[in-house]
Amino acid sequence: MHTGINLAPPVFELGLKAYLYGQKALALARAADRISEKYQIKIIFTPQYVDIPKIARETENLLVFAQHLDPVKAARGNGSVLAEAVKEAGAAGVLLNHVEKRLTLSKISRTIKRADEVGLLSMVCADSPQEAAAVAHLGPNLILAEPPELIGTGKSVGKGKNQFVTRSMAMIKSINPKILVLNSAGIRSGDDVAEIIRSGAEATGSTSGVLKAPDPAAKLEEMIKSLKEAWLETHPC
Amino acid sequence: MHTGINLAPPVFELGLKAYLYGQKALALARAADRISEKYQIKIIFTPQYVDIPKIARETENLLVFAQHLDPVKAARGNGSVLAEAVKEAGAAGVLLNHVEKRLTLSKISRTIKRADEVGLLSMVCADSPQEAAAVAHLGPNLILAEPPELIGTGKSVGKGKNQFVTRSMAMIKSINPKILVLNSAGIRSGDDVAEIIRSGAEATGSTSGVLKAPDPAAKLEEMIKSLKEAWLETHPC
Amino acid sequence: MHTGINLAPPVFELGLKAYLYGQKALALARAADRISEKYQIKIIFTPQYVDIPKIARETENLLVFAQHLDPVKAARGNGSVLAEAVKEAGAAGVLLNHVEKRLTLSKISRTIKRADEVGLLSMVCADSPQEAAAVAHLGPNLILAEPPELIGTGKSVGKGKNQFVTRSMAMIKSINPKILVLNSAGIRSGDDVAEIIRSGAEATGSTSGVLKAPDPAAKLEEMIKSLKEAWLETHPC
Amino acid sequence: MHTGINLAPPVFELGLKAYLYGQKALALARAADRISEKYQIKIIFTPQYVDIPKIARETENLLVFAQHLDPVKAARGNGSVLAEAVKEAGAAGVLLNHVEKRLTLSKISRTIKRADEVGLLSMVCADSPQEAAAVAHLGPNLILAEPPELIGTGKSVGKGKNQFVTRSMAMIKSINPKILVLNSAGIRSGDDVAEIIRSGAEATGSTSGVLKAPDPAAKLEEMIKSLKEAWLETHPC
C-alpha cells in the first residue's frame, strides 16, 4: 500500500478502457480536472497507456492511473508495462485485475508490491465479497468490488436489496481498514451515484455511463455533484 | 500490409523492452535519430508504451514502434493497447509475437489487420523458417526471424554454418516478396551486424548488445556504420 | 506429420468438447465404432482426457483424439497434457488450436513436433484460408478450417456462395498436398454433410449437430451415410 | 468446501506432474496404496488426467486428484477439464493454481465452487502467507502453501529459522479453521518430512524427492513412515 498520496474518501473513478484516446481523451481529462477542483472530489482517471504522459502533465487535480501493470523488473519483458516507466510518465496509480484483464493471484500479489516499490497507488478489482476479502490480504490502496455480470449493463449494483456493498465493505475493513472500497457497475446517473453512496460506498465510478452520454463532461459533472451531496448528507461533520 | 511508409531495406531495430524508459529512453532516441540521419539508415525504435508520444514528437527519422498491440476495436477492453490510440500517439508501427509476449495464431492474424486498418506497420517475430513462412501468409510488413534460444545470449545467429538466415529469407520471399526480413538475436558488435548482412539479411537489430554497452549511443553508431558499409558492399548499385 | 496411420479421406470428426463424458460418452463411442465399421468411414472421436483410455480400449475403428496437448517433455509441468501419457492411454491423435483453446504460433509448432515424436496424428484448427496456409507450413496431418463465427450456429459453411472450402483447400494443398483438409462448422444434418463434400471437402465433422439431436447415434449415422454417398458420388473410382 | 470426504490430518501429497504416466504411474500408485494402508496415512496422488480412471479403479486408499480443473459447465469448452468428467472418472479432488498452472483469482474462486458442486475436494497452491490467507476466503479444503523459489530445489521449507509454516498456518486457521494446511517444497527425505511436521504442518508432500529417487516406492515409504512417527510424537492423544 503506497502511502505517499492522501486518499481520503470519497473518490470517483472514470475508466476510459479503449473507448476514448488522444485529443478526445485529453479534452475529457481537462473537463474532469475542472470538475474535480470545483467540487473538491478526487477523480481517478484511467486512460490508454500512451495518453498517460500528456494527461498527467496537463491536469492538476486528477489521479491518473494506468489500466494495467506487469510485475516485471526493469530488464527483459518486451510488451510489458513497467512500473518505473508508468511512474516517470506521471501516473499516480494502476488498476489491476479488471474483468477485461484478469491476473493470476500470484501476479496480483507481485504487482501490488511493484507498485509500492516505485510509489504508485494500486486499485484491484474483485468479483464478490469473498474475492474482495482475498485481495484485502495483499494490501492494495483500493478495492473495486463489483459483480461482473452488472458491468456495462446500466443496472446499478446499489439497486434493490442487494447487500453487495455492505458485505464487501465489512469484509475488507475487518481485514485492513486502510483500504478504500469502491463499488460501481451500472452507474449511469447522478441518482445512481447518490444511491450507492447512501448504501455505504466510499467511492464509485463509471465508464459507459459517462462515455456514452451525449455530453460526457456534463454527465460526469452530474455524477460528481451528486457524489458530493450524497457524501455530505451521509458524512456530516 | 500497411503501404503508407516506404520501407526499403536495410533497416535496424533497437528494441528497448523494459530496460530503458523516460528521460533516458528519450536521450537514446535522440542519439538514434541523429545516427539514422547521418548514415541514412532507417531505425525502428521500440520503447515502452508511455514513452511513444514524446519520442515520436521529438525525433524526425525514427520509426517508433509499440512493443505490442491488441486486436480490440475502440470500445471495451481495459488494459489493452488500442490501435487508434497508438497511431494518434505518433507510432509508425507495432511489434507482435515477441518471445516475451507470445500471441495466438488467430490474434497475430487479427492484429495485423487492425494495424493495416489504422495505418501502422507490423513486424512479427517467428522462431524458425517454418514459422516465418506461416507468418508470411498473414501479410505483415516485416518478419523478425530469430531462434529464441539465441536471444540475449551474445551468440550471433550469423555465426558458423547456420543456415537460418538463408532459409527463412527464401521461404518468406517465395510467399510474399514484399515482406522485409529481419534477422537478429545475439548481435553485439558492428562485426556481428556486418556478418549477418553478408549472409543475406535485409535488416537486423539489437537490444542488450546496445543497452548493456558502456556507451549505448556509441555502440549503436558502431552497428549502424557497419550495417551501412556491409550493405553497400553487398548491394552495389 | 505422423505417418504411422493411414489417413486416406474421407474422415468425419465428432468432437465431444465438454458436452458428454463417462458412461454416456462411452455409449456414443460404441455406436460410432459400429457406424464406422458399417460404412467404412474413419471417425475421429474427441472425448474428455479422462475418457480416452476406456474409449480407446473398448472400440476398434475409432481414431480417438485428445482435445488438446501441451508441448512439455516428461518432467515438470503440473496440469499439462503430456504427449507420452496420451499416447500410452491409447489415443491416435490430438486436436490443437480450437477456438475454445487457442495456442500461440510457437506452441502450435512445438506441439505438432511433440505429437510426431511420440506417434500421434495432429489436427490443427484455422479460422481463415490464410491461417490454414500458415498452419500448413508446420506440418500437421489435418487442418480443420472453419470460420469461428459459424461454430455452433447451425449455419453450414457450405451454404450459399461461400468459397471458404475451395480457397482453404487450394492454399493448403499447394503448400503440402499430404495434409488432409477438414471443413465443418454448422453441420447439423446429412444434407449439410453432403453439401460440404460436394463443394470439395475431404473431411467434415460436428459437435452440437450430433450431441443436441434427440438420438445422437441416429444423427451420427445419418451424417456418415450421407458422407459415404456424397463421397462415392464425387469420387467414383 | 466439499464435506463428503473425511480429511483429518496428517495427509501426504505425491504429485506426479508430467514425470510419470501409464503403467509406471499405476505401479507407483499401487505401492502408494499399500503404504497408505500400512501406515494409515492418507495419500493424495495426482497423476496425468488420462491415468485417473485406472488408478482410481485399481487402488483403495488413495485420494486421486486431477492436476487441474476448469470452471466450465458441461457444454462447450473443447480442451477444458470438466468437473463432472473428473468426478465420474473416480477422482476425489483437484489441485488448483500450481506454480506451473497459474489461475486468475476469479477462476480459483469459480473452480472451487465447481468442485463443491460435483463433490470434489479442492487443494489450492499459494506462494506466501498473504496469498494463503487470500485463498482461505474462497473456501478450499486444503491450501498448499509453499514458496515457489524452493520447489524442486531439494531445499526444505522447514529448514533454518523459516517462519513460513507457522505464519501461513496461523493466517489460514484464523480465517477458516476447517481448511487443512499443507507445507512442502524441497522435501527429499524422511527427515525433511519429520522436520516440517515438527514445525507445525498438518500435511506435506513431494514430487521430485520421490520420483527421482533410485527406488521411488521405497523413498515414499521412508517419508510416510517418518510422517507417521513425527505426527504421533507431536500429536500424542
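Letters A, B, C and D mark the chains in the order given here, with residues in each chain numbered from 1 onward.
We adopt the following convention: a residue touches a chain if its C-beta (ideal position, glycine included) is under 8 Å from a C-beta of that chain, and two chains touch if they have at least 3 such contacts.
Because the structure is a prediction, the values reported are computed rather than measured.
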Original post:
Hey, what chains does chain B share as contacts with chain C?
Top reply: none
Subject >> Minimum number of chain-to-chain contact steps, chain A to chain D >> reply: 1
Original post:
Where the centres are mean C-alpha positions, what is the separation of chain A from chain B, in Å?
Top reply: 35
Subject >> Chain centre separation (chain A, chain C; CA means) in Å >> reply: 46
Original post:
Which residues of chain B are in contact with two or more other chains?
Top reply: 99
Original post:
Linking chains that touch, what shape results: line, ring, star, complete or other?
Top reply: ring
Subject >> Chain-to-chain touches, reported pairwise for every pair that qualifies >> reply: A-B, A-D, B-C, C-D
**OP:** Mind listing the chain D positions that touch chain A in their complex?
**Re:** 97, 99, 102-109, 126-128, 130-131, 133-135, 137-139, 148, 171
Original post:
Touching chain A in the complex: which residues of chain B?
Top reply: 15, 17-19, 21-23, 46, 48-54, 66-68, 72-82, 84-86, 88-89, 91, 95, 98-101, 152
